[in-house]
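Structures for review follow.
Two complexes, one shared chain (chain A), two partners (chain B, chain C).
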Partner chain A sequence: MNKYKLEWWKILTIVLLYYSVIGGFLIPVPRLHILNESIRMNYFHVPMWFTMMALFTYSLYSSIQYLRTQDISFDDKAAVALKVAFFFGGLGLVTGMLWGNATWGTFWTSDPKLNNTAIGLLIYSAYFVLRGYLEDETQRGRLSAVYNIFSYLVFIPLIYVLPRLTDSLHPGSGDNPTFRLFDTAHNMKLVVYTAISSFILLGFWFFTLLLRLRSLKKIHDEAV
Partner chain B sequence: MKQFRNILFLLFMLFSFDSFSQNVDQVEMADVLRRDGKIYTVVAGLVIILTAMIVLLVRVDRKIFKIEKELKKNN
Partner chain C sequence: MYNSQKKNLQTLKHLFLKELTLELRRKSVISGLLLYLFSTAFICYLTFSLRQNQITPLVWSALFWITILFTTINTIAKSFIGEKKGRDIYYFSIASPEAIIISKIIYNFLLTVILSFTGFLLFALLLKNPIADLGLFCLIITLASMGFAASLTLLSGIASKASNSHILMTVLSFPIVISVLLITVKVTKNCIDGLDRSVSTNDIITLLAINCAVTAASYLLFPYIWRS
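Right, the complex of A and B next:
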């Protein structure tokens, strides 16, 4: 604890990130019409959403733990994880819009997957409004934890269930497959799983940094 | 003369077939870019950006670590 040392999982994050970026550009991909080289967007657009979901799930876990134990540190964890999740969700939206413009010809269509994701993120964003509005720590903790659980339970059907029931341009909805283990080209599997794990680790790194800053700020505020 | 014209016609037919089949089989990819070695420029650029970001991230990580250590010493 005396000298600064990079933890093993941070080194792993860095190595995997380099692999995803270099491999994502240079490892051969299937030649498909319309998609062309933009298929490589899969390596960077998809991990954003995986990271967001991982952090949302972690936030949900922390909120449940807060309600069970009344330990305020869980409330901090839930709030910070949600913040980082939003960051990655925003990146996912922007990269998705770019990709959509290249393949569908428009940045946004009124597609169930796209619209529901936007709605889901808006529902989640009310969490921060709620937190900002409440002054009392325990009240804020309890209400925002309940709201967090509610948002998660709305978010999952909105983006994973409903688009599958209707027709949608986005892969993974309607009749389109995504992530079929045995359908995906081998070369793409190499990079896409690496990219997903590396970005999840990176998201977790961001989360720990913000959490530590938050607790430092708390100590500072108490001292003053 | 007529024979020559026929052969020429067949030749042209062949060429056109060739180009036709090329259009069907070959999907447009960034081959030229890669052959020119220019894709490596983009990769190098991204690697530089990634490196800079990681350096920043590690530095922030270390700074927080130092502050935490100092707080521990004071308490």
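Right, the complex of A and C next:
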């Protein structure tokens, strides 16, 4: 039996995750009215969306590659990346709701940023429905790749452009149009950057695992 | 170069005219859609005639856009789903996929605009007309039709390849058209309130940008759907 050796970037992921979780809960944060300790959610909420966007973008890239090369492995990559991205999007919603409950007093308000994000995730859930409907492998690959590219195009204005045109409660939208990472306290910057990179690495790790599971399943199905 | 462009334009024109002739030849489809529109508007009228004062401008706007959305999805869904099986092979042999998608988008745009304005007329007749800024509202109907036509035509092409295509069409199209709808609903509210047009300029530019992006994406992506 050969010994399983952890790759270097996986060790890095674990170390960075430890740092962001421990630092996220313990490193002092600025005392702000209303926000109080809920500001720590920033360390976990923001990285979820970064991870989701990174994986959506990777999925977009894979879909484009699939259309160019007709190599079915790209289709697998696009589908798996989308699945993981969807999972992180769901976590982003949940963490955001917890934070909203602490600061705004409700889990959900009719805010453009919140609603549009929910719609955006709905767009991507239709992708899985589409895959379920199509039987033929190459056809499924081609059509779902087209839908993926198309929905990325609708997703970006929905999440990043429209909320900025209206008033929004959400930090970073409405009246304060830029992402205020550069204004934050020095301590927070350290943890936020680490958390973002560590969660993106974690997302990529999930992705590789699911991809391997998928190809093993394929081999298994072919053998039977 | 110039010749090929001219040829493409000519194919486009022929394909567009073909759609139009086919539509006019079997009037059942278009009259069915008009009937659909009319009965929806009439149901709204009957329901609210029980208590006239309850139809506030916002209720009007919601009913109007729901009606238009459903009619449009039904209209555009048929552009690929309704095609007979062997016919697409024939089209493929005589025209480029780009010409086909653009001609279909233009044709669907025309059809949607006609249906939307008919819907507006019906709503203004049966219910009342709460729109203060008519010019802007007409512009927004036209732009929304453009957005619907551009995004739904491609989705109709995708859905037509699957079994149960009508359900799939609905599932795929609702989330996609919402970004267009969000802007139109917002601008409709501005039209109802009769706000100054400068308030809506940003929204209209965004809508126009989304339309352009979606049309470009359809143009680029359609050849890949076509191949199967």
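Here, the second predicted complex is superposed on the first by the 216 of 224 C-alpha atoms of A that agree within 3 Å, B and C clash if a C-alpha of one lies under 4 Å from a C-alpha of the other, contacts with A are read in each partner's own complex, and residues count from 1 in each chain.
Just so we're on the same page, a contact is a pair of C-beta atoms (placed from the backbone, for glycine too) under 8 Å apart; a residue touches a chain by one contact, two chains touch by 3 or more.
Computed from a predicted structure; not experimentally measured.
Asks: Following the superposition defined at the top, how do chain B and chain C come out on chain A, clash or fit?
Replies: In the arrangement built by aligning on chain A, the partners chain C and chain B fit side by side.
Asks: Just to be sure I read the superposition right, which of the two partners does A:169 touch: chain B = first, chain C = second, or both, or neither?
Replies: A:169 sits against neither chain B nor chain C.
Asks: In the overlaid three-chain picture, which partner chain does A:36 touch, first (chain B) or second (chain C), both, or neither?
Replies: first
Asks: Between chain B (first) and chain C (second), which does A:102 come into contact with in this model arrangement: first, second, both, or neither?
Replies: A:102 sits against neither chain B nor chain C.
Asks: Is it chain B or chain C that touches the larger share of residues in chain A?
Replies: C
Asks: Let me test your reading of the model: by the given contact rule, A:14 touches which partner, first (chain B), second (chain C), both or neither?
Replies: The first partner, chain B, only.
Asks: Which of the two partners, first being chain B and second being chain C, lies in contact with A:190: first, second, both, or neither?
Replies: Neither partner.
Asks: In the overlay, answer first, second, both or neither for which of chain B and chain C A:219 touches.
Replies: first
Asks: In the overlaid three-chain picture, find the nearest pair of C-alpha atoms across chain B and chain C and give that distance in Å.
Replies: Closest C-alpha pair between chain B and chain C: 34 Å.
Asks: Show me the residue ranges of chain A that touch chain B in the complex, using the header's touch definition.
Replies: 1-2, 4, 6, 10, 14, 17-18, 21-22, 25-26, 31-33, 36-37, 205, 209, 212-213, 216, 219
Asks: Write out the stretch or stretches of chain A touching chain C in their complex.
Replies: Of all residues in chain A, those touching chain C are 67, 112, 116, 119, 122-123, 126, 129-130, 133-136, 138-139, 142-143, 145-147, 149-151, 153-154, 157-158, 161-162, 165-166.
Asks: List the residues on chain B that touch chain A in their complex, please.
Replies: 26-30, 39, 42-43, 46-47, 50, 54, 57-58, 60-62, 64-69, 71
Asks: Contact residues on chain C for chain A in the complex?
Replies: Residue positions touching the partner: 151, 154-155, 158, 161-164, 168, 171-172, 174-176, 178-179, 182-183, 186, 202-203, 206, 209-210, 213-214, 217-218, 221, 224-225, 227-228.
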